[in-house]
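These notes open a run of structures that come right after.
The same subunit A turns up in both complexes below, where it pairs with subunit B and then with subunit C.
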Partner chain A sequence: MSFGNLCAQIDRCAYTNALAKSSPATKVFFALSALILSVSSPSPLVPIIVFLTTTTLLLRFAKIPAHFYSSLLVYPTIIVAISCFIIALFFGYGEPLTEIVLPWFRWTVFKSGVMMGVTTFFRVEGALSCLYFLVLTTSMGDIFIILRRAHIPKILIEMSLLIYRYMFVFMEVAAQMYTAQKLRLGHSSWQKRIRSTALLAGNLFIRTLEQGERTFIAMNARGYDGNIRNLDDLPRPRRVSLMGIVFFDVILVFVTLSTINLW
Partner chain B sequence: MVIRMLFRLENVSYRYSDGTLALDGISLSLAKGERMILLGTNGSGKTTLLLHLNGILKPTSGKVYFEDKPLEYTSKSLLDLRRRVGFVFQDPNDQLFAPTVKQDVAFGPLNLGQPIDKVKKSVNEALKIVGMSEYADKPPHFLSLGQKKRVALAGVLAMRPEVLVMDEPTSNLDPRAASKILHLLLQLNQEFGLTLILATHDVDMVPLFATKLHIMSKGKIVLEGSPEEIFSNTELIRSIDLRSPRITHLFEILRRKNHLLINKRLPLTIGEARREILELINFGDIIKLKRTTKEGNYA
Partner chain C sequence: MHIMEGFLPHPWWEIWYVISMGIVAYGVYRLSRVTKKLPEAKPLLALMGAFIFVLSALKLPSVTGSCSHPTGSGLAAVIFGPAIASVLSMIALLFQALLLAHGGLTTLGANTFSMGIVGPVVAYLIWVVCRKARLPTSAGIFLAATLGDLFTYVTTSAQLALVFPTAAGFFDAFLKFGAIFAITQIPLAIGEGILAIFLFDFLAKYKGQLLAAIKVISLPITAHEQEGKE
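== the complex of A and B ==
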């Protein structure tokens, strides 16, 4: 699965999942609050609850195919697991958990280090599931409107909006150019591959400049005056769902507070 | 009585910054409610000419009049002009920049400073006219080229223009999508009185569509008139690398090589050709032909 292909698949999910039509504000509120609580939790308990909840929501309610979701999780999880394994081995102080006896020296693994590794692993997994929840259920179109409401600088939003749209145009152009090069044996050896890729990149760059020019003209023809205005007609958040999320967050805070001394 | 012209171009020339003279002394005029086609080969200056009609390009020399007033190139009068003269580009990817269809169609009305409710209404209506309502929340990269073209058209219609300028409305479309767009344009012209200005090199669509035809070659208008007048001048058409509609061509060959007797002008459309053929072989003969076929001895 290539990177571009993956982007397109995630994008398709965001527009077609079963929660696509529900209020984006609610989804953003849920994902962000759960993410913050998950990352700031001192014990792995809260992140585990968050992970299970978001995963259930994604699979049961948003109807994201389980194999797609798990394929998205696999690679980050492997990387995080390796990092956390290293944290567990190298970090920590105080009470030793075990000692690894090597021929030339003894390696001390501390209990606090292992706890740190495990906690970090679940924190990241919890946060990851929150971000996937946001990305897989909320379309970019909706996210831009939310960002605008949050008073993120306009220039950033407008740039990402154009980048988002033309990313897909240029992915297609690049794929076509690549095929055209391949058909004329442009990728038949290592050297030719380097050369063809350089040509493709250069060409693509010029194409983006030209596209920018043409888009600007087309926007002018519809009365562009330097501001891209958005039609803000998102569905209103339902009170019940907001209350539910607040309730969920309060429980998480309560769990955090009650486990703070145990862990 | 003086007919008030909607558009009038007086001796318009345009030179690109690299020195190419794209338009060379163009003069033309157009009345309200007409369906005008600019026919010309690639690189004959059609697109450049169209870009003058809503003030995107300013003539190097000459003047463009809209409703008898010369165009002013101030941002305020340009905004007004661009509301009234909608422009649909050849490549819908140039035009569709917003993340969803709805957002894109709303771009123009929002720029006009309309209140949200009115914008929503215009967007829904425009999408309904082009038959893309169910795609309102989809991003443009989910759509086929024909669908993108219809959305681009909706983006302009939502501004409720009086004139619609369209560059190559049928290019790269399959026959079905092309005829869909053409029917839509005809309907807009007949129901809402929208004046249409199209650039194309698709000769066969001209007689079905145009009330007025201008033929461009090398930055100049070489012929103008109704399709009937223009396509009777076969030699000139061919000399500027264009051709007559296929059906006209067929009749021309029949007349020249098989000495078929056609005294009137040659038919331009399938409908006209059918009438002509039926007249030529008159009805009695057809019935006789049918009967002999049944008996199996028509050889």
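== the complex of A and C ==
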């Protein structure tokens, strides 16, 4: 399962990168503020600045391997480029920009459509880089602690923790069953692949539920009362970095306001 | 149907957040009541959440700034009711954003609305109607899961069309987005319906008592009988 592999790789990065030990509150603050500013900006300039900054931070300071980061970016970039190309061609209204005239048809491309496509492309790239910054530098465990500090309802955090665990159980069980099937000549022809996949999907559910219930019984036996307590000893945010982020955000707001009429 | 991070511009993502979070808050209330009464439902709840995560991560790209995949939230809605399904979908979507960079944090509201609210509500209503009409359970589950999935995509098309209108207006854009999705989504929705029949059948046999205790649904009598015999 390729996405399971991807999940595990991203998870590993979040625990081992060079910024893993710095304050998660700072990282969350930086990623979310840059994300919101680049999504709110009507022009492509702010997302471009955000993209360059977060990419530099990721590669230089978090020491994420460049080939891993680019492999993460390639797939969404291709999809969003095609999507934005289609938006530029087919959507929009008002002032026509150009007309494509072919022998059998003519097609009007609108200026607003092209602007929409270009802006959307850069907005997505800027926002994606912020999302990757958060994902690649901050582990889920830290995010859960931050959520608890933000007074998110307890049941929601508990369910999230359980679902997080079950996702990995799902993938582990699926990988085991897939290997077992391969060893017994499953997936060896087109018809067998369909049969094997159906068997895997059905049994996956049963096996995961059984395993989950055993875990639940084990937790109950150890006095589980609905609270999963993590040790909350996160590093405190440094004032310098917080000031830096605020300064960066102010610059972004200023750029947004000064380009609002240009675009 | 995960709309990509950043694909929705300024006023829209906030609007969808406000709409979705109100409904999710009600779902959290329902969830805390169910789990307080029946703590043993927690593994099944978490399993449904993980199931939504896995199913909706099996994606085919679609050229609409989004993608095509089964949702799994229809089955969750039939078992736990649409309010709880919305919470589970939101958690699954959050993890997909954080672990796979699939979907996004700013588009979480819009994605929750389509996959976690409209899909489950439609699925649940169809399930209730099928029960009232005394259709066989498997037909009810199939219709609920398939149509819940399709309505999720109808919602996503509408969300995208509101942001990217064409010269002919909202409805034209809506049809364009819908047509692009339909190519990949109709077979996927039917596949999801068939999968849902098998899974529900299994759950009714294996967890009949728990499902009846949750009382979100009244189970077919056969499931109780089988439970009794075992």
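Rule of thumb we're sticking to: the second predicted complex is superposed on the first by the 254 of 263 C-alpha atoms of A that agree within 3 Å, B and C clash if a C-alpha of one lies under 4 Å from a C-alpha of the other, contacts with A are read in each partner's own complex, and residues count from 1 in each chain.
Keep this in mind: a contact is a pair of C-beta atoms (placed from the backbone, for glycine too) under 8 Å apart; a residue touches a chain by one contact, two chains touch by 3 or more.
Everything numeric here is computed off the predicted structure, so don't read it as measured data.
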item: Partners on subunit A (subunit B, subunit C) - clash or fit; value: fit
item: Partner chain in contact with A:Met116 - subunit B first, subunit C second, else both or neither; value: second
item: Which superposed partner A:Thr208 touches (first subunit B, second subunit C, both, neither); value: second
item: Which of subunit B and subunit C A:Gly226 touches, first, second, both or neither; value: second
item: Most subunit A residues touched (candidates subunit B, subunit C); value: C
item: Touched partner set for A:Ile36, first subunit B, second subunit C, both or neither; value: second
item: Subunit B versus subunit C as contact partner of A:Phe144, first or second or both or neither; value: first
item: Subunit B versus subunit C as contact partner of A:Ser83, first or second or both or neither; value: second
item: First (subunit B), second (subunit C), both or neither touched by A:Leu128; value: second
item: Shortest CA-CA distance between subunit B and subunit C [superposed frame, angstrom]; value: 8
item: Set intersection of subunit A contacts, subunit C complex versus subunit B complex; value: 11, 140, 162, 164-166, 169, 215, 220
item: Subunit C residues touching subunit A - in the complex, by the definition given at the top; value: 4-10, 13, 28, 31-32, 35, 39-40, 42-47, 49-51, 53-54, 57-58, 61, 63-67, 87-88, 91-92, 94-95, 97-101, 104-106, 164-167, 173, 176, 195, 198-199, 202, 206-207
item: Subunit A partner contacts - residues on subunit B that touch it in the complex; value: 51, 54, 56, 75, 79, 82-83, 86-87, 89, 91, 93-100, 102-103, 106-108, 110-112, 116, 119-120, 123, 137-142, 155-156, 159
item: For the subunit A and subunit C complex, residues of the former touching the latter; value: 3, 6-7, 10-11, 32, 35-36, 38-40, 42, 47, 72, 76, 79-80, 82-84, 86-87, 90-94, 108, 110, 116, 119-120, 123-128, 130-132, 134-135, 140, 143, 153, 155-156, 158-160, 162-167, 169-171, 201-202, 205-206, 208-209, 212-213, 215-216, 220, 226
item: Subunit A to subunit B touching residues, read off their complex; value: 11-12, 15, 20-21, 139-141, 144, 161-162, 164-166, 168-169, 172, 211, 214-215, 217-225, 228-233
